[in-house]
Amino acid sequence: MYVPSVTNPIGDYVREWVPQLVAYLPESLQGETTCSVIAFAINAIICIIAVCLVNIGSAPILIYMERKVCAHVQCRLGPMRLGWHGTIQTIADVLKMLFKEVYSPQGADKKLFYLAPLIVLIAPFMIAALIPFGHNLLVANVDMGIPLIIAVNGFGVLGILLGGWSSNNKYSLMGSLRSGAQMISYEISFALVLLFVVMVSGSTNLMEITNGQAGTVANWMIFKVPVLGFLAFIMFFIASTAEMNRAPFDIAEAEQELTGGYHTEYTGTPFAMFYLAEYIALVTNSALAVTCFLGGFHAPCIGFESVDQILLKVPGVIWFFAKVYFMIWCYMMVRWTFVRPRVDQLMSFEWKFMLPVNMLLLVGGAAYIALSI
Amino acid sequence: MGIINFAPKILDPIPGGKYVVNAIDYVVNWARANSIWPLTYGTSCCAIEMMSSSMARYDIARFGSEVFRASPRQADLFILAGTITRRMAPAIQMLWEQMPGPKYVLAMGACTISGGPFVYDNYSVVRGAQNILPVDVFVPGCPPRPEALFHGLLTLREKILKETCRNPWHEGDTQDLSQLDRYREAAKAWAELEKIKDEEMAEARAKFKEENPDYKSSFKPVRVTKEAFPEIAREHEISLAEKSSKGLSKADMFKALKNKFASVTITGVTAETPEALAEAETAAVAALTADSVLEVRLNAEDYLAAVEFVKNDPAFKMDYLIDVTAIDYPDHFELITMLKSLEKKHQLFLCVPLAKDESIAAEKRATSILAKVPSVSHLYAAAEIKEREVYDMFGIKFEGHQDMRRIFLDPEFEGFPLRKDFTNPNMIKRPV
Amino acid sequence: MTQENISTKHYIKRYLKKCITGPWSLLCGLSVSLKYFFNPKKIVTEQYPENRKTLKMHERYRGRLSMVEDAEGNNHCTACGMCERACPNASINVQPTKNIAGKKVLGRYVYHFASCTQCGLCVEACPFGAIEMSTAFEVATTDVTSLEMILNKKEGQG
Amino acid sequence: MSMTQLPPGFKITRETDSEEFFINMGPQHPSTHGALRLALRMDGETIVEVVPHFGYIHRGLEKQGESMTYLQYIPMTDRQDYLTAIQNNLGVVLAYEKGMNIGVPEKAEYIRVMLSELGRIASHLVFFGCFGGDLGGQTCLLFGFKEREMVHDILEEVTGSRLTTNFFRPGGSRFDVPENFIPRVKAFLDHLEGAMKDYERFLSKNVIALERSVGIGILSKEDAIAFGCSGPVLRASGVDFDVRRANPYSIYDQLDFEVPIAHNGDCHDRYNVRIAEIHESMKILRQCIEKFPKEGPYRSKEKPVKLNPGRYYSEIETAKGLYGTYVVAASGDKPYRIHTRGPSFPHIGVLNKMCQGGKISDLVVVMATLDPVIPEIDR
């Protein structure tokens, strides 16, 4: 019987220990299959916990970070009074939201109304499972990594559409329709940029893509392909911002126009889930950007032996998260600087600018490969 | 309100459960008290101070309250910033009902506490938010400083920290203060006290008078010396107006209008004979100072033609309508149409006396339309909303107006507020 | 909005121009926000409950109304009622009484803080300088009845 | 919904009715700038017709004014256009002075002009903030308010209140300016100069802001005049009309300033005109600082609180536009009728014309550039 296995040191460790534990079981149950099933189950639980920890754990940190970054851009201080410099402010927010009254508006489709925030959460969680956080820290080493990400990413829009439609509110509906149109359009650019990465690195496996960028900074995708790499990175940045519904592309929420878009009618915990999903998507998209363009967990070696020696001593996972948080900071700076385009302008930007440029990128990438061989 | 409120029921029978309940209380209250998300709501001046408090200088984010939610479903605190009018009150109640509990209301500014500047002689303002919502914290001021608002937030925080699972948050009660007249209440209370005091003191006073028959108070109130200021004539303003006046002079304007429309006169000028009248009018126009505006009076029949004339006449070219308003006199209305020429910089006010319709019965007069006048909204687009305002406030109907509806008040509102005979059960007369 | 009628050449020219000026303008904006982000000196926030000690209102600041009193608590009010008449919305009740000599003096000076607009017309009107606008601003309360204040501690002199 | 029976106010009748729906914007909505309700008739994202519903903050000020003394009405004007309350004070005081027939000493005139211009700067900074904020850039909102706080600091020191100033009196002002007024204004101007440079770099050339505002909400010259628009809205449509220039009051005739004009009448022009006006106000303030008389009375001798019977009209240019006060004085110390012509009212009247055929996002931008203050409309 085939049982999928999780390949990382912790997985091996579990596999080693499971036969010893199984020995205590009655004879009739012992055997190869039992061992591998139990080992898989334990590994799976560990993986789920790890993904949840990374995702849900990072959300309060990100919310705090966002509030501080925006405050400092705007010449103010941000949360200050709860904990040192307001560090535990977001914990209070989350707790409060959990204890709020939950109800659905009159005329809402209740099942879908409560299902929507759950659906929104699925996509970022699934992507997180595919990201290699370190040399051995990877939940699922899938060969078809990039296509899977492209496929899963579409899930988010379903949740938003359902949430907006089931709320029985015109503002919500408009918000969700805008968001649907926007995400489906930008999916194309998103996929094309990732295709460029796949083309240049020659693999759809995220681990292999990362390993292809080993070495110095010059080997990172963003610098590996002169100019085109950087351009692709910018394209990815724009497309992923739109995918995440983040400002300046937050026309789905557009507080000034639609008071809150698709989540106008959500209270308490369901609203917290939308909020959470937004920030988890931020982590996963940044992680994807880091994996595809910024060398993943590789240290930013610069070619000098002495410096590189020190840099390499730091574990890869720390480099990875350092890069992820740098990316997140970039997303935040953009969010608090730019104003929001109109819905039709956003569409024409995608179809008239992003798409042609991405096509050219692919052509350029092909030319680069042809020349370099 | 949520599972937390069942905690005492389940945990209390268990030994030591009380401590768990207390711990839960502590955590929940800590979270609620420190994460207060206000609703984006504001109607007038206080809203600007509320905005200021969330801006860089004062930064409400320090309290974790910068998350102003535009949707009531995600808000915890309703900062009532600005006057609440009778027309707005249902909307406010609805907003409050849409907020999920536990929710709190902070009344910011004098208007929401008591009606503020609009307590007396007012027909449209709700006297205090307590009439429609249960209010938790009051922040007096007009408008309160951002710091005062923060003090209100801290006061609210104290209040939240006192909640427990056993005595959880519940919707408070509203109070009917709509007819509360603080001044008269206080005066009445004092008058009663005074009566008692008079009786008690009568003896002592008589005794005192006997003992000190020629008592003179040693107390001399010291008047504050006020700075002396020179008397200044209005020269500068008048010379300024003279210098800047271009276009037609007042006399020319009057002459041209008089030639065209026979009914044109100047307000207050009367004479026996037409010749004397003309002379008196010319004198009155000449007597107008440069900083005043020529206001000619003409009959309602000539009104539309006159407006058309001054708009199209190349010498006048009154292309800009400043305003349309009216005045209510005991026996007639006066409709004032203020016109201006942007090019020639001269102004002209047309004053049309409108006789009140006498055929309407006395008891119905206050609530019915008493006069009619042709509309000028086809000449000046601006007149459309201005005439609606006059209709709403005075009950003067404009014939030929496309959309003659009330503009500021509900369609069901009875009476026309700016008439002198207007009465409303919600009005309290000014006591002083 | 109106449909534009422009030639293809012009359209492409404008498109390319936008491709260059657009990102540049965005970078300009970003440079401003980066400048503010990395410059903590630009922060202007005043931390209210922490800065209570140093927070001083301006001399003319109109907080709530208060009585000018000397060390013994005597006021200068003669119960003339000028402030009452000057008040735009009758927020002041000057309630006179008779003292033992039968002379009219101030009994109670009731101030309805709930409706006061802090315009300062009463202070302007007072001929004896008996009242002033204090600089108190921490006035929030959960009890609305506490907003009806009696300002004078003692009866007026006479 | 059946289109045969349209809700009140809608005028356009159409035969096809399948795609249209109605949306209520307000009375509590983040971008209606207060308690204004806009009933929108939409065709998808496109606006077919806008009907504004006023009166949600109608407080009966004019009725109340009839039972107040002239002096008591001055604080009431603070509550109309609360963004530049100080200018409203000036408007009503100018009308009173006509009726009382008193003049104003020179120093008082300078105080008036300087405080009014500070008020104008504060109001336009709020506009800058709200414009950016309504476009989705929250940071602009905070930038605008940051400098505005400084203006209000100065105003508070001079008048005693941040918003509701109640400062001008017939014949002068309530107080003299404090000693450090001039240095403070000077310091503020120096600071604002640098800050405005940053802010303009932040938003003025931003390609997204340009896309959102250029060619949006066009108001033609003819419409602007016909609908009675004034102030920056009128000037952005190419009409050179500014009360300070056309019909000067106070000492505006002695000051050298330009009236910024734009010709397209779109949202970006209105933005540009207002930003240019901030610079002009700074220019005026600098001139005033130079010419400011150190000595002299700040008000003229107090006159009886009555107006001579008659009708008096004064108009000034506030930050929003033409602010007229019409006082009908009878005997006694209370006006028989007092009427205010606020600049925002006609601006909302023209909203429908500007938004038809635009998107709902355009409506938000148009509202931001009209910069209305709702309590001034409803009074």
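So that you can tell them apart, the chains are marked A, B, C and D in the order they are listed, and the count of residues begins at 1 in each.
As a convention for this text, a residue touches a chain if its C-beta (ideal position, glycine included) is under 8 Å from a C-beta of that chain, and two chains touch if they have at least 3 such contacts.
Everything numeric in this text was worked out from a predicted model, so none of it was measured.
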Chain nearest the overall C-alpha centroid of the shown protein atoms: D
Chain separated most widely from chain D, comparing mean CA positions: A
Intercentroid distance (Cα basis), chain B paired with chain A, Å: 52
Distance between the centres, which are taken as Cα means, of chain C and chain A, whole angstrom: 47
Mean-CA-position distance for chain D and chain B (Å): 17
Whole-Å gap between the CA centroids of chain C and chain D: 21
For chain A, residues that touch 2 or more chains besides their own: 73-77, 80, 255, 259, 336-338
Residues of chain B whose C-beta touches two or more other chains: 55-57, 59, 62, 70, 117-118, 120, 142, 145, 430
Residue numbers of chain C (touch at least two other chains): 26, 29, 32-33, 43-45, 47, 87-88, 117-119
Chain-level touch network, classified as line, ring, star, complete or other: complete
Residues of chain D touching chain A in the complex: 21, 23, 29-31, 45, 132-140, 142-143, 146, 202-203, 206, 208-209, 211-212, 359-362, 364
Residue ranges of chain B in contact with chain D within the complex: 40-45, 47-49, 51-52, 55-57, 70, 82-83, 85, 87-88, 91-92, 95, 117-118, 120-125, 142-143, 145, 227-237, 240-241, 243-244, 267, 291-293, 295, 319-323, 325, 327-328, 336, 338, 342, 345, 349, 380-382, 384-386, 393, 402-403, 405-410, 417-418, 422, 430
Residues on chain A engaged by chain D in the complex (per definition of touch): 70, 73-76, 170-171, 174, 178, 247-248, 250-251, 254-259, 336-345
Residues of chain C touching chain D in the complex: 1, 18, 21-23, 25-26, 28-29, 31-33, 35, 44, 58-62, 86-88, 117-121, 124, 133
Chain B residues within the chain A interface of the complex: 1-2, 4, 27-28, 30-32, 34-35, 37, 55-57, 59, 61-64, 66-67, 69-71, 73-74, 76, 100-102
